Amino acid sequence: GGAQKADVIKVGWFGALTGDQAVWGNNEFNTVKMLFEEINAAGGVTVAGKVYTLEAVGYDNKGDAQEAVNVVRRLTSQDKVIAILGPNASGNAIPIAPILESAKVPDIATVATNPKVTVLDGKVKPYNFRVCFIDPYQGAVAAGYAYEVLGSRKAAVLYDVSDDYSQGLRQFFVENFKKLGGEIVADESFKSGDVDFRPQLSKIKSQNPDIIFMPYFFKEVALSANQARELGMTQVMMGGDGWPSEQLISMGGAAVEGCYFVNHLDYDDPDVADYKARYLKKYGIETELNGYLVHDAVLMLVDALKRADKPDGESVAKALESTNIKGITGKIAISPETHNPEGKDAAIIKIIGGKYKFQQKYAAK
Amino acid sequence: MSSYLEGIIMLSGINLIAVLGLSLLTGFAGLFSFGHAGFMAIGAYSAAICTTIFKLPFFVGIAAAAAAAAGASWLIGRATLRLKGDYFCIATLGFGEAIRLILDNFQGLGGARGWPGIPPHTTLVNILILDVIGVVLLANLVRSRHGRNMIAVREEELAAQVAGINTFKYKMLALVVSAAYAGVAGALLGHYMTFIQPKMFSMVKSTELTIIVIFGGLGSISGSVLGAVVLTFLPELLRAVDKWRLVVYGLAVIGIMIGRPRGLMGGFELTPKSVRAHFARLREAKAARADQAAEEKGGL
Amino acid sequence: MLNVENLHVAYGGIRALKGVSLRVEEGEIVTIIGANGAGKSTLLNAISGFLKPAAGTMSFKGKPLGRRPDIIVRDGICHVPEGRLVFANLSVENNLAMGAYLRNDKKAVAADLERVYSLFPRLAERSKQSAGTLSGGEQQMLAMGRALMTDGDLVLMDEPSLGLAPLLVQTVFEIIGEIHKLGKTILLVEQNAFRALSVADRAYVLEQGRIVKEGKASDVAADPAVRDSYLGAESKAGG
Amino acid sequence: MAQFLQQMVNGLSIGSVYALMAVGYSLVYSIMNFSNFAHGGVIMFGAYFGFFAMTQLKLPFPAAFAVAFVGTAVLAVVIERIAYKPLRERNAPFLYFIISAMGASIFLENIIIATIGPTFRTYPDVFGRTSISLGSVAIGRLDLIMFVISAVCLAGLVLFIEKTKIGRAIQASAYNMKAAALMGVNTDRVVMIVFALGGMLAGIAGVFFGMKYTVYPQIGNITTKSFVAAVFGGLGSLPGAVLGSVLLGIIETLVAGYLSSQFRDLIAFVILIGVLVFRPTGIMGKTTEDKA
Amino acid sequence: MSDILQVRGLTKRFGGLAAVNEVDFNVREGGISGLIGPNGAGKTTIFNLITGVYKVTSGSVSFEGKDITDTEPYRIADIGITRTFQNIRLFKNLTVFDNVLTACHASASYNLADSLLRLPRFRREEKTLKEKALELLSILGLADRKDAIANGLPYGLQRRLEITRALALDPRLLLLDEPAAGMNPDETEQLMRLIGDIRNRFKLSVLVIEHHMDLVMGLCEHIVVLNFGQKLADGTPDAIRGDKRVVEAYLGGGE
């Protein structure tokens, strides 16, 4: 064979492969590996006229911030990656900024929704990007949909006080719901790792809200929904992008029937369905939400590579600033001021008959 | 030096300071704490307040961290030091979780979402300087009457009391000093990460510190040093095995406990004098064995 | 009945027994005397399986001695340890019941319990008290009583008179006599050498891990060297 | 009032989960005198054993239940042999046991993640999710069953320990292994029995936990709470472990329901310290003066 | 001669049991007194009450005229009373030297800063402490064992070490709980001489619990006899030996 061996571009990934966030980490890394294989099989990526194949270097950080710093130091100085995908937790994405900056390697966070991941004290961090929308936006969408579309006036909130994501969403939901004229009748919390929510739910029940906002991940959602139903509560429940998972349906069953959540994408979209099927075929398990987002992060990266002057971190970061593509999670147009995908519509999903049914795109005002 | 290697060395240096403190408490005074990450959290947040909000120099932040952690430990010690063994252990565990819960709820300092933008004051140099100071002070302490009194409390509390040692006072001293060390470590960690979040100071962190102390060898400062370095590097070396990493780590912990009766350096202190004495002992033991073998043969 | 040949035991580098040989015949009372740290307790602990000998052989009733303490007890050797080791968390009653752990005939056990209580009325008074709060002497009585309950053939006693009031020391030696009359063989370690030699048939003198003398108890008691270093004022006053 | 009654029911239900975990933990503590942090890992395995027995082997619930607790009994004994026995044989201080136990617990959790993955799994429905309503108070059916099972386990265990010969040997060995061996007790076997019993209780706890909530590798973490409960009730005392668990469950519930769910654990902790200050050995722990 | 220790109406109950019941006695300054009685009579309990290890149910203890009832154990040592234990309680894993050195702590006054920074005062006083520990060890004949681990010492030497440790605190009253237990008559005799020497050399008062009558009768100037928690008799050795009740309850007819 005379096929010339293409040069390799190393791309880092990190997230939790162990610890309680492991479900999401494994899903992301699997997706990255699958997409890279597909890209390489299709001939690789052309950067500045030269063809390269992609290689993923991934490490586990247990979801731990300190390990995130170690891993990023390793990826940048040891493995010499030109870009990093992940992590999914804001608390892991924030402390790596100074290292990215000194190594001049961009990072595209997946589900890190805290505004401070990319912007701090009004200044954008030059090497931090993300593919998801941010908490204030998601909180505003949820509050707006609950108040205006579902007509709820009295809302109760149950959130995870020790989780940054949950606390952030709660804050922006509460602020926006009040601004719209609604009332928060109960504002209860639990702590990561808790499995029993009946004390809080009983209290919520006694306040008789129209809707319960549950901004946390599907395991707790399923458990708390089941317990609420056991307590005889019939309220509509609503949540954020921590909800969608096949496991929510299998664990929550009837309890989550008729509930709503804010999502990044519409599952019935053909592109989404295609990726979903590929993943299931390759790994034998369903993908999670993180898979969709890291999928688009890969698209962002590949697009930036194609437009970059050189296959190095600095050029890729520059190209990323002018990203404007369509991913499976919607239109992704990165703003150079915030490094966030601006104007990304949120999708409202309702659970009907154990299926995720797209309701409408909803943009907060 | 690659930034990666430098990072790990810095982290082991930071861990070392916390471990030294815990080593005083557990290894020398015989008290077992599950809440040391709580003291680190207090240190990290106090130092960050000084440097980020009040724009004070770093060393002021470090001093404040030590003082705040020490103060908190004094309060908690007042309430719980009379408890024994596992009861004290539970109290410290509760304390660590309580600190975290307070910080989670305290939105002024970022709550659970964390506090970014802390100036990157921690450097390899200031870590190493503090490490050396930490080791020297601790070594001086344990080889003074104060340190000996702590050891006596660990060995036999009742006898210590009857020997005129105010056991409560010395347990308190050990707790306060060890909390101050943890506070300093917290301050360094915060200014190394430039970001602090209550999650970083979970019970897992506390148990990690305890594992290091015992892994290194109870009552041995050099053991703690070695333990901090080995156990900070070990997970990094295991990166290649991916998700099997913690499986191996768990096995390594069991392995050392059953394989090395007193931890890596248990009861042994690495000083020139001790090394010489150790070799002398080895020679003696060899001679004694030969002696015995000869006699057993003769007896048959 | 018991045969020990060339036994060596060491604690790490410290050699406590350096080639001890001894034998105990059925029905005898044999005593071992020796200074503090001579290795007497070490010898008994090795016989009852708590210490692994570095070298040497031991046999009991013609068969090699078992490996584990519980097997050795089953074979019929019971041990009243130095320092009593009563079960502090159990009541006196349950301590005695533990003594009969291996026995199944309830009647005989009940009869033995009666006998223990009549030998030590104090134990009967305190049968419900937890053993940890007994006075030192009471604990010693309990340890003896508990050993009687095991119904072994050979009783190893490690300083049974330790810490007992004079009156009780007397009682203890009477009890040793009674146990002996019940047909048990006794290997007795005592500091109170004078007393021990007066009840024993034969004696060994242990010095720094070696047997330096053995013989009939009365001969050993008469040995001037032994009188000098082990029998002290009592013998001088008595002799 | 209705809410109060409901909260008491909630508290009892949470308490009985803690209790089921705490009893096994406390049993091992009472004989080995160290906190067996691997207990949580064994509970987690119990949940998986039961789950796979039902879903993969398609066993009916009672058989799956048996598979789970026999499996965990064996697992607990194996852990003892590997991680503790060598320490026991050289009389290592209790700290070594604790660290070895932590190692084992890290191992158990991560071996699951590395082999069968971190996904959450849901038990097939056995007892039904509906609850029994008494007025406006809802009582979970599973809760009732769990409550009964915990009570039966505890009563059985107490009888076993107090009334049988082996039970007495267990107590004796708990105090002093050497002295117990002098009575002809095979202490190795006693330890094995204790770990097997502790493992069985862990298996039972695991299956119920899995049915009530869900099955995932971090189940073990929740045992921290039962550890707290056991200490609160008085370490080494089985009734204490149960009482402590139920009280902790109720306190947590009432704090969350009436004071502040944000500070639930903080307030529960303050109450706990308050109790320990007045009763330094927990509620049912023995408060004897150290005999000097 | 005045009394260094006065015990008045001392009572200790454990549940229903009065382990010590309304006991009165004095210990003479500079003398060696004995406390004897059958097993379980309450002797050790009295030591525990004097040294603050147990809380008194009722009654009082005064030392050199000052009331010290229910003082914390560590304060008792400061005040000038130290003791040994019936079940030896050494710092088992430390060397003989460190056992004694630890107990010398009260003879130094350097503070925490001095020790952390090794200031001159630390060096000076630490040197004196070490000299003091060595001196004590050689007086008590343990100097050649100073680097041995306490736990591995033979029983007799462990007892001796406990006494040395108690002496390191410069007590004015030394309480010994069965110091001769487990010693053979010869060793007991040596111990007797040692106790006498210590009393003379350190000018202290001694209260000793013993069951070895040779020791008690040969050494003590004054003896208190307890029985069932109550004082049975009190007097010189000869008086005690002749007391019918004591013979009956404790000494036994044969002696």
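By written order: A, B, C, D and E. Residues from 1 in each chain.
Note that a contact is a pair of C-beta atoms (placed from the backbone, for glycine too) under 8 Å apart; a residue touches a chain by one contact, two chains touch by 3 or more.
Quick caveat: nothing in here was measured; it's all calculated off a predicted structure.
Steps from chain C to chain D, taking the shortest chain of touch contacts, total 1. Ranked by separation of Cα centres from chain B, the top chain is C.
With centres defined as mean CA coordinates, chain E is found 39 Å away from chain B.
For the pair chain A and chain C, the distance between C-alpha centroids works out to 75 Å.
Here the spacing of chain B and chain D, counted between their Cα centres, is 30 Å. Measuring from the averaged C-alpha position of chain A to that of chain D gives a distance of 36 Å. Along chain B, residues 101, 105, 158, 243, 245-246 each make contact with two or more other chains. Residue positions 133 of chain C are each in touch with at least two other chains. Residues of chain E in contact with at least two other chains: 44, 53, 85, 89. Chain B meets chain D in the complex at residues 26, 32, 79-80, 82-84, 86-87, 89-91, 93-95, 97-98, 101-102, 105, 158, 203, 207, 210-211, 214-215, 218, 243-247, 249-254, 257-258, 261. The touching residues of chain C, counted against chain D in their complex, run 48-50, 68-70, 73-74, 78-79, 81, 85-90, 94, 97-99, 101-102, 130, 132-133, 146, 150. Looking at the complex, you find that chain D touches chain C at residues 165, 168-169, 171-172, 174-176, 178-188, 288, 291.
Chain C makes touch with chain E in their complex at residues 11, 14, 33, 35-37, 83, 122, 133-138, 140-141, 159, 162-170, 191-194, 228-235. For chain A in complex with chain D, the residues that touch the partner chain are 17-20, 22-23, 26, 161, 188-191, 193, 195-196, 198-200, 202-203, 205-206, 219, 222-223, 226, 229-232, 247, 250-251, 253, 285.
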